[in-house]
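In the two assemblies presented below, chain A is common to both, partnered first by chain B and then by chain C.
So, the complex of A and B:
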């Protein structure tokens, strides 16, 4: 082996290798199977399971791979688990949707797996180059997935909008990254952190921080870079929307934390102030705009914008407690958001598009289980006690108060109260309205499984939140555990 | 000093041609301006002592990609000029004011920031090979092997995506 690369590097990226190999095998299997064969869903699930199993040997490692391009630590591990869970639930709910839309499975599942690969790279990257390549892999997969239902004009529109705005925001992000590289002379985030000590007031660095924040804000759909989200979420195929709102958002938060907490801890006065203001605007605009929506996917898009605002509170707090609260909230958010989208997937029938609020009316009388599941998700998204959403918000706001951002927590609580209006409106339609539209919505076994897992997770994590806490705390501690960050704090 | 003059001249040409690319009405002219733009970017690489990148820039971008663009433009055969479209929600004046403000801000930051710190240079890693192409190859296949492999997956995704979007429904 030449210097610069060693065999152990390949051992540490085993999960990524398994996922890549699985995705390639899937393409070959797709070519051999008859068209429309449902076996592909289970091949995809097997690939995801194999990847999850290959994560097991690394549950306690904390190493840098490939001369500091990737980190294999518990922070990355936590996010990888989130991505795999989200991908698995997306795959389970996709089968029915693709059948109704008459789209092919093979390329779709391949793209889902590749975007998961990109996310895993993003979560592990401690170097701007690998982070960027991971981000691109994820983003390009999503551009195509958003336009996957070709005969549907809204799907085409979503793909074009997402692609153009995504490319634009990526340009801004790259500009910021290139300034960071120009000033520091390195792309490695941990080296960068040591280099920047004592250069807090350099205007070039402040500019770089602003540009990188703008680029990342686009990916997490925070105000004022949220304009694409409602249109893309509405037009993209529903399972893709679910994955986009959970996986892409979680991966971008992971990358954001890596860049700012690992790479720019000495600039934290600047980026905290920025994120603080952005968190307030994002929460408020997201929730207020969601109030008037009549399309479920648009409404959930604005709700996910608002949730990006809540999550930013954790970044602002910046303490291990804040970051671990953020990680917990991201996992909880994944379950409730994916569950809610699974119900919308179920509403899609041959004769009904099923993403309007009125389509849900009378659901309780037709599908009591789905209605109950949706009730749980809505209560959880709104943050009502027996559910996980409440515990997540409690920790998040608690961490903010702990770090001295009391008024940020107050605004968060007020916003949660506002959000209850539109979450409960869905419940009213499902339970209190009698008239129904179109044919009977039915649950496939895969959809029942998705909903069951999501409901169980939302309720169990709401009652026994301790299950997650130690794990998230350990993950948050590995982030920024490198000497510099600790020294600056 | 000479380097700075060369850089700003090249940069001015690059920006100028980029503006021409998006303002020209004729699509073929627009593509040809793009070729010129790519060539000046290649000159920038030469200035940075990266002759390999410059050659790739000319071969792949100015050569390959623009030829593909031209193919598409000629196949689509845009005889009719695109219709003028005025977005009713467009706030041209506010946009202009904002972009001028951002430009001034950038200029101020550049004026204040440059020279305030000497860029920190990490010691260049000693490579066992000499020559620009060899060094790029060496870095790509050793230190940056993993991002290189991921980039290959990215290209595969793009290829599959192109097929998915372009193929007719079977």
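So, the complex of A and C:
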């Protein structure tokens, strides 16, 4: 056994081990099963479930693994649950899509599991190296997934774009990280925080912060590093887009919080200012650009850019309340965003691509349940009670006001009012138009399950969010609770 | 008895859920269920009128349970006189709206009634909630069903009107939400408790600066809903394009949300700011009164005319409120009910002819009184009620408002009175154009008069109009403690004055305390500075031996008596 790793470390990374082993088993099963067998979907679900079960023993732990490579705490746990839920819903909605597109299941599910693994490592990392490894694992899986529908030109274009821009941004991020390492002499974020206590404000360090912010902004698709998102979201297979917009974003936010709140609390004046400006620009640009979109996936891409802006408000506030608001919002966002994409997946049929706004015309008359579900998701994305999106926004803006960023909250709420315009456009097409296009869209059992779970979660968390609030608050408190971060706060 | 309010609140929602299980094609069953649920909702709320204790200043029928414990939000319901009356108005208008749609709605019947019933729960909840977050939840819950009602069953320009309604209201209410949050965190910094409890906020003394900002935030939310000039532009569009029941609900109940918001939140929570903003509010109200009336005068569309009359009437309601004295506020609340009754009825009346002719152009009609005599009679009555003819409800409200405004400032009163005159002008002009003259349009020659179902929608409104016009005392009595509570926060000098011997000319302080209107009238000889105007008269009055059969004195010294006297 190499130095620095003990046997107990393997116990603490049990969920990651289960997931990895499961992914490998999946590949073997795939080779044994006849091509196109739907059993693979349920094997994948079983792997995800097993991983979720293996999280249970760690619900109250707070330890560092491998001398500070990973932290197993409630903050990581919360995110891991979000990733697993998102992955499960993605898998459920993928089955139909892959069938229609005629793509194979095995590699696809394997890549979904790999990216989930990457996300889980990102959320737990308290070291720049492990965080970067997690990020790469996730990103590489997504590069392939984006181009998974090989005969489709748009899908290929999306993959190339995502890969080139992604590689570029990773370079920037890595450069920033290397400067951080150069100045502090450590890659461990918690040690770094100690080193920087009382450190002189160093121009090099400011540069490093700017570079790391830029790299992370790319991953969460915040303005001005958002250009890739609409193209990739539009071109990638719809379930991949869904997972990209939820899982990748959530994982990047987890990593961002780890780096800035745990690693650079002494530089908070600098990064708060940066994030404050970025949040304002991101919300506004995302929403304004979404107003004119006629393609659903592009519209949701811009909407997800805007949501990155809302989430950044929580980073700016930086208080435990702000962070817990982000956790709440990310979970809620997963349900509503994935649900909305599940509806778009349903719209994909042999004769219709189904991702144009006009394709939704008259959906209410053909698929009342799907239309109702989409209505709930749109209202939730727009932040209208009694949906969960309202509770999420309430608490995000509340955290901003509490931390003294009233203007940020004002811009946030005005933006969410603007956003209702394009969310309601979708509703107009579904409920108010009568002419329909193409064959009747149908719901498979897996899709019904996805939509049902998403709608139920969105409504229940909107009316009775108490439990989620408690969990998120407890999780947010563990972030940076040990060490100097707490002292500086 | 503990869940009485919840029962009223959730009955419509339960009805909506029930409707979801009825097959779509079964239109008649859907109509029957919706009508029964809405009617039951009204019947269920009637005991509120009797069980409500007007002497008890506290909120009644209180229900409280933790809702989101981690942020201190409660499921907290309760009513005072103000909300009791508005809840009764809501359940009544709700059932009328449902009844009036029987033949008007033939498409997508099921969704229509589901949305109407959900809307009903939203409105009731907003009037009952004493937790600010819960209030906001219900407040926003109203948006979506109304959006669909306008967007699906509306007339020509419905999509535009629906989205305009939605975005206007939303823009105001999200800013209000920030105000709520700011209040919430300030409350925590002062008391150390996280809570959205409105009754707690009523006891806070906020710094002037914060009050100022909060007032503006709340103002934006409530003023758009009222709607006050210059935020009124969504209203003519929404009213005109909404289906009849939608217009009725909008006018009769949803506009009251705004004024209710001012009375329940802005005035008692932010008393200093409310006083400081009086000039702005008054200027906006006066512009609203005159402008709304002038624009109404110029309308060619029947429904649009009624919509603009709403702008004018609601500005009058706001003016009475911002006189910030007991009579003005009492009048303002009574006038809210009156506006609900008369404008609701006027929209129903437009709906009746629209259903027969499918046009709202005033020039298309003429001489209808010959073809539809019962219709013309009801229309006349409601026109008179809207104008404020004595013996009908509008008079009581307008008189009290003018009286309150007059004491506050005579020039404002002059403007307000001009609104009454203009109101008579546009309503009578409308009546003349549609009802009198020859039937020169052949299409109008064989219009059917009011059917029994249609008449049933008007009967309760007529009865109420006459009741409030002749004997408003039961209504005023129920408002006493609410008004007193608001006045104690926003204009405490009235209560002090009532207690101070040199100003008070009328017997028994206990009796006075029971009725803010009485106090005010008692104190009326005082100038605005609190000094007696005619010391000799006051002296003479105090020389009068205190008689006191309680009822008589109460009558003499309360506004409704003044109203009757003036008639």
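To be clear about the criterion, the second predicted complex is superposed on the first by the 485 of 489 C-alpha atoms of A that agree within 3 Å, B and C clash if a C-alpha of one lies under 4 Å from a C-alpha of the other, contacts with A are read in each partner's own complex, and residues count from 1 in each chain.
Definition applied: contacts are C-beta pairs under 8 Å (C-beta built on N, C-alpha and C of every residue); 3 or more make two chains touch, one makes a residue touch a chain.
As the structure is a prediction and not an experimental result, all values here were calculated from the model.
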Partner chain in contact with A:53 - chain B first, chain C second, else both or neither: neither
Which superposed partner A:63 touches (first chain B, second chain C, both, neither): neither
Partner chain(s) touched by A:414 [first = chain B, second = chain C, both, neither]: second
Superposed model, chain A: greater residue contact from chain B or chain C: B
First, second, both or neither for A:385, with chain B first and chain C second: second
Which superposed partner A:204 touches (first chain B, second chain C, both, neither): first
Chain B versus chain C as contact partner of A:35, first or second or both or neither: first
First, second, both or neither for A:432, with chain B first and chain C second: second
Contacts of A:473 with chain B and chain C, given as first, second, both or neither: second
Residues of chain A contacting chain B in one complex and chain C in the other: none
Complex contact set, residues of chain B against chain A: 106, 108-110, 112-114, 116-117, 119-122, 128, 138-139, 141-147, 150-151, 153-154, 156-158, 160-161, 163-165, 169-170
Residues of chain A that touch chain B when the two form their complex: 2-5, 9, 13, 20, 23, 27, 35, 65-67, 69-70, 104, 107, 110-111, 114, 117-118, 121, 129-130, 133-134, 136-137, 140-141, 143-144, 147-148, 150-151, 182-186, 191, 195, 199, 202-207
Chain C partner contacts - residues on chain A that touch it in the complex: 379, 383-386, 390, 394-395, 397-398, 401-402, 406, 409-410, 413-414, 416-417, 420-421, 424, 428, 431-432, 464-466, 469-470, 473
Chain A-touching residues of chain C, taken from the complex the two chains share: 66-71, 133, 136-137, 140-141, 143-144, 147-148, 151-152, 159, 163, 166-167, 170-171, 174-175, 177-178, 181-182, 184-185
